[in-house]
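In what follows, structures are represented as structure tokens.
Look at the two complexes coming up: subunit A is in both, with subunit B in one and subunit C in the other.
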Partner chain A sequence: MARLRSGASVSAWLLAPASLLLIAGIAVPLCATIWLSLSPNVLVHFDGKGLGNFQYLFKSKYYYGVIIRSLRIAAEATVIALIVAYPVALTLRRMASRRASAVGLAMMLPVLSGPLVVVLGWMILLSDGGPLLAPLTPYIGRLRIVGSETGIIVGIVHFILPFTVISLASVLRLIPENLVEAARSLGATPLEIFRRVLLPLSLPGLLSAAIIGFSLAASSFIAPHYLGGPADVTLTALVAQFVLATFNGEMAAAVAVLLLVLMAAIIFLLSIAAARSVRT
Partner chain B sequence: MKALRGLGIGWLVLVLIFLLGPTLVVLVDSINSATSFPSPFEQATLRWYRALGEHEEFLDAAINSVEIALASSAIATLCAFLGGFALSRRRVRFGHAISTAMLSPLFIPEIVIGLAILQVLGLVALPLSMLTLIVAHAVFVLPMALRLTLSGFSRFDFGLLDAARSLGANPARAMLAVTLPILRPSLIAGFTLSAVFSFVNLPLSMFLTTPRTATLPVVVFAYMESRIDPMIAALATLVVLIAAAATIGVDRFLRIRILD
Partner chain C sequence: MAYLELDRITKRYGTATAVADLSLSVVEGEMLCLLGPSGCGKTTTLRAIAGFEHVDSGAIRLGGVDVTDIPPEKRDIGLVFQNYALFPHLSVEENVAFGLRMRKRPAAEIRATVAEALRLVQLDGVGGRLPRQLSGGQQQRVALARAIAIRPRLLLLDEPLSNLDAKLRDTMRDEIRRVQRETGLTAIFVTHDQSEALAMADRMAVMDHGRIVQVDTPARVYDNPAHPFIAGFIGQANLIEGRVVEASGGTALIEAGGLRIGGHCRAALSVGQSAMAVIKTDRSRLMRGAGVADETTVPVRVTMRTFLGPFVSFTCENATGVKLSALMPSADAQFEAGESVLLSWRVEDCLIIPGVA
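On to the complex of A and B.
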């Protein structure tokens, strides 16, 4: 008994540095932000503490539009990334561990190079007279991608794709090849193998890839900033505007808290779906 | 079946081109002699790299970024090692909740982490400093370090520790002589990837830097607000080379398999 207790207290000590870091670096700071988000400010007046800032954000047509746009962009980018990533993960499933991992790491190279580098690349590639669009101009006319919502989505899909591929591939690789072989020997076509074996077994992985993809997409700041137009403001850009342009800490806090709550709600729904898909 | 596999490989190649394309054009444009930017390739030149040397603000900022990246990754890796050990060794009460909490910074937008830290410092009237940035970055890279450490521990045989103890090693010695060497590749990989993630991150630092502590992404961001030119492409190329060295190192020398 004494031994057991000492084991538990050793665990507590080992977990202490990480806990301390999380408390000092996230938990306490977030409390400050939540506190400020409930406070009146130069833009929204009310007495004491309250939800006035949030009411204001939802009532204003402009800010409501920002909220909807952010969610729409994040959702669209996540769905596109999952559709693109799934066949890639299926291919990686059949590769040797060494090679599949090397491909996964190669995919991470743009993420590790940082969003500024990648955005610079997109600005070169997608600029009006750039190498991608200039040859197409005679056929499709002048297509504007940088400075539009499409630009933002391209940038975000590009950013979240490696994460969705890696999380899908690591789940798909766990599905034993025997199952697939068994289905094939029973006469299943590739489509049936996909629909009745691989897809159901990878559903939890698909949902966790959706969670990771969506949260990274909703968090994204640099792609919307550079690849979107002035009208395509997202919630993260709004946080930056309130801090750097109008110096309104309370409203910045309210937008940040709203973003977190929306993300938490969607992640919660997806994880319930993931839990269900494991059970059935 | 063969045709299907061919399609799969073809799709994989297309996706790789999509993913690496933007980085590659930056490399090409960094050695393009054309002065207007962006423009078609004219001649190879290294003049933009030389031009970088005249901008001391980039070098100063890079030094800040390196210091922050090394310090924050060291803190995160240490926390991840100790915490990962505790979480893997035995069933800890609330173990699942604790590991979820440690991975949670992954799901919080960096810009929100930066804002929250700015605001708590404002409320308690503390000034911004290098330490602020180091804490923000350490929290942000903790999930990365923890994931690699946990996957290292998942292959670790804790029976080895009992063996060391029965041969007379005290717990600290067993940790240093047995656990640490076996976990070393995972720890180095976690540290390296964390350091690179910290080095290139902008939104975390955006609200937290002063002119003296400005990080490289913050300075580049400020520069890119007014213009983009081939010199920025040259700087970006250097960052890509650092990232490439890190990925190749993790794959080749540490033999970390990120998909298993």
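On to the complex of A and C.
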């Protein structure tokens, strides 16, 4: 009994630094942000604390557009990333585990090099008349990608792709090969095996990949900032504008809290769907 | 005319040969067992028949048609996997219906066939459940129903009983045999368990190192092992290696470790060649006193006595270090470890077979 108690107190001590860091680094700033978001400011006037800032954001046609655009871009990027990631994950599933983890590591390299480097690379590659688009101009005309929503989506998809691949592959690898063989012996073509065996069994992984992809996409700032145009402001860019351009901390906090709440709601819905897909 | 014919198939993995120049004919409606220790190539052979392994050379013919290059999904072969491989997200009924859906059968026909298959494996009433809600034996029945529902041209079973506990194993053994008889399907099953093979097979093919060493009915393989490997693998037997000292018309005498052992032989033996005496332990017995005519007796010391319920197994050793065992009914087994006794067997119970070169 004494030993048990001392073991518990040791683990409490071991957890202390991380807990303190979490409280100091996340809980305190989060509370401060929420507090700030409920406060009146130069743009929105009201007495005491209230939801005035949020009402203002939803009522303004411009800000409402930003909210919708942010969610749409994140959703589109997530769906594209999932579609691109699935065949990659299927290929990884068939590889020996050592090779698969080498490929997984290689895919993480762009992430490890930092999103700024990667986005700058895209800016060079996709610039008007750049190495990728110039040769195509005779066929598709002058296409503008950098400074458009397409540019943002390219950047985000590229950033979240490794996360979605790894999340999907980890679930696909759990599907025993003899289920695929059983389906084949019963006459299933590769398409039917995908539709009736692999896809339904990987649904939990697909949803967890969607959760990871969507939260990274919705909170990304560098890709929208560098690859988007002036008309493509997202919620993250809006936070930066309020902080850096108009010095309105209260509105910046309100936008940040709004983004957080929207993400939490969507992730919550996806988690419920994921839990349900596991159960059936 | 053979229904399934394996014509000199070979399968290599890198430098290792899993199946070596193997030929086998299976008659329509029979249940054939591929028996052998792990790594003997039996599973590779089964997977080659199913189409999951492409053979490096040789041909596989089913019903007179060469299927060597036909992919598994077009072979119409029912496969029961060792761990069942049921689709965990589909109900029992949907599992059984899977192959019929792939064949785009009308809904009414699917419903009827599924019900019939489940009735055949005595699982009516659990159709709506998921596989994980079933016991191991029930899952095995679902796997069997799923394989037979497509009315396959051939039924393959990979170690079908190895994941079941001992009591269930006997029940399922009889069930599989009954279902196979009732459907009239030609079946091949793979096992490393000789008692399963002896009990279930019409004929058994004993494999070793990628080759078939003997194909015959279980009784004949048991009584007349054609090869020292089978003698050691099937049944429990005393195997005594020696050299032929006399051989004439169906009988032979070998000398081994100072013993002279006589027995009958099927293959022609010549004096001086290496040979092996095979005496089933259940045909050997211990006794006190003098030897009996027509029996070979060896003075031994009992080194171990193991009580097995209806039988007692005795491990013995003679003066020159030859180890011999005897399996005796418990009622006659009044011998103790350390005792010096005679171990004997009737001359006709000893089979002399050619040794491994």
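Simple rule for what comes next: the second predicted complex is superposed on the first by the 269 of 280 C-alpha atoms of A that agree within 3 Å, B and C clash if a C-alpha of one lies under 4 Å from a C-alpha of the other, contacts with A are read in each partner's own complex, and residues count from 1 in each chain.
The working rule: a contact is a pair of C-beta atoms (placed from the backbone, for glycine too) under 8 Å apart; a residue touches a chain by one contact, two chains touch by 3 or more.
The structure displayed is predicted, hence computed values, not measured ones.
Once chain A of one complex is fitted onto chain A of the other, the partner contacts of A:Thr236 are limited to subunit B, with no touch recorded for subunit C. In the superposed model, A:Gly121 makes contact with subunit B only, not with subunit C. Contacts of A:Pro204 after superposition: neither subunit B nor subunit C is touched.
In the superposed three-chain model, the partner touching more residues of subunit A is B, compared with the other of subunit B and subunit C. Of the two partner chains, subunit C is the only one touched by A:Leu186; subunit B is not.
Contacts of A:Ser101 after superposition on the shared chain: subunit B is touched, whereas subunit C is not. Once chain A of one complex is fitted onto chain A of the other, the partner contacts of A:Ser11 are limited to subunit B, with no touch recorded for subunit C.
In the overlay built on the shared chain, the residue A:Leu30 is in contact with subunit B alone; subunit C does not reach it. Overlap of the subunit B and subunit C contact sets on subunit A: empty, with no shared residue. Taken in their complex, subunit A has these residues touching subunit B: 7-8, 10-12, 14-19, 21-22, 24-26, 28-33, 35-36, 84-85, 87-88, 90-92, 94, 97-98, 100-110, 112-125, 127, 130-131, 158, 161-162, 165-166, 169-170, 173, 190, 211-212, 215, 218-219, 221-222, 226, 236, 239-240, 243-244, 249, 252-253, 256, 259-260, 263, 267. Subunit A makes touch with subunit C in their complex at residues 176, 178-179, 181-189, 192, 196-197, 200-201, 280.
Against subunit A, the residues of subunit C that register as touching in their complex are 50-52, 71-79, 81, 83, 85-89, 98-99, 102-103, 146-147, 150. Those residues of subunit B that touch subunit A in the shared complex are 1, 4-5, 8-9, 11-12, 15-16, 18-26, 29, 38, 40, 75-76, 78-80, 82-83, 85-87, 89-90, 92-93, 98, 101-102, 104-113, 115-120, 122-123, 135-136, 138-139, 142, 146, 171, 193, 196-197, 199-203, 206-207, 217, 220-221, 224, 228, 232-233, 236, 239-240, 243-244, 246-247, 250-251, 256-260.
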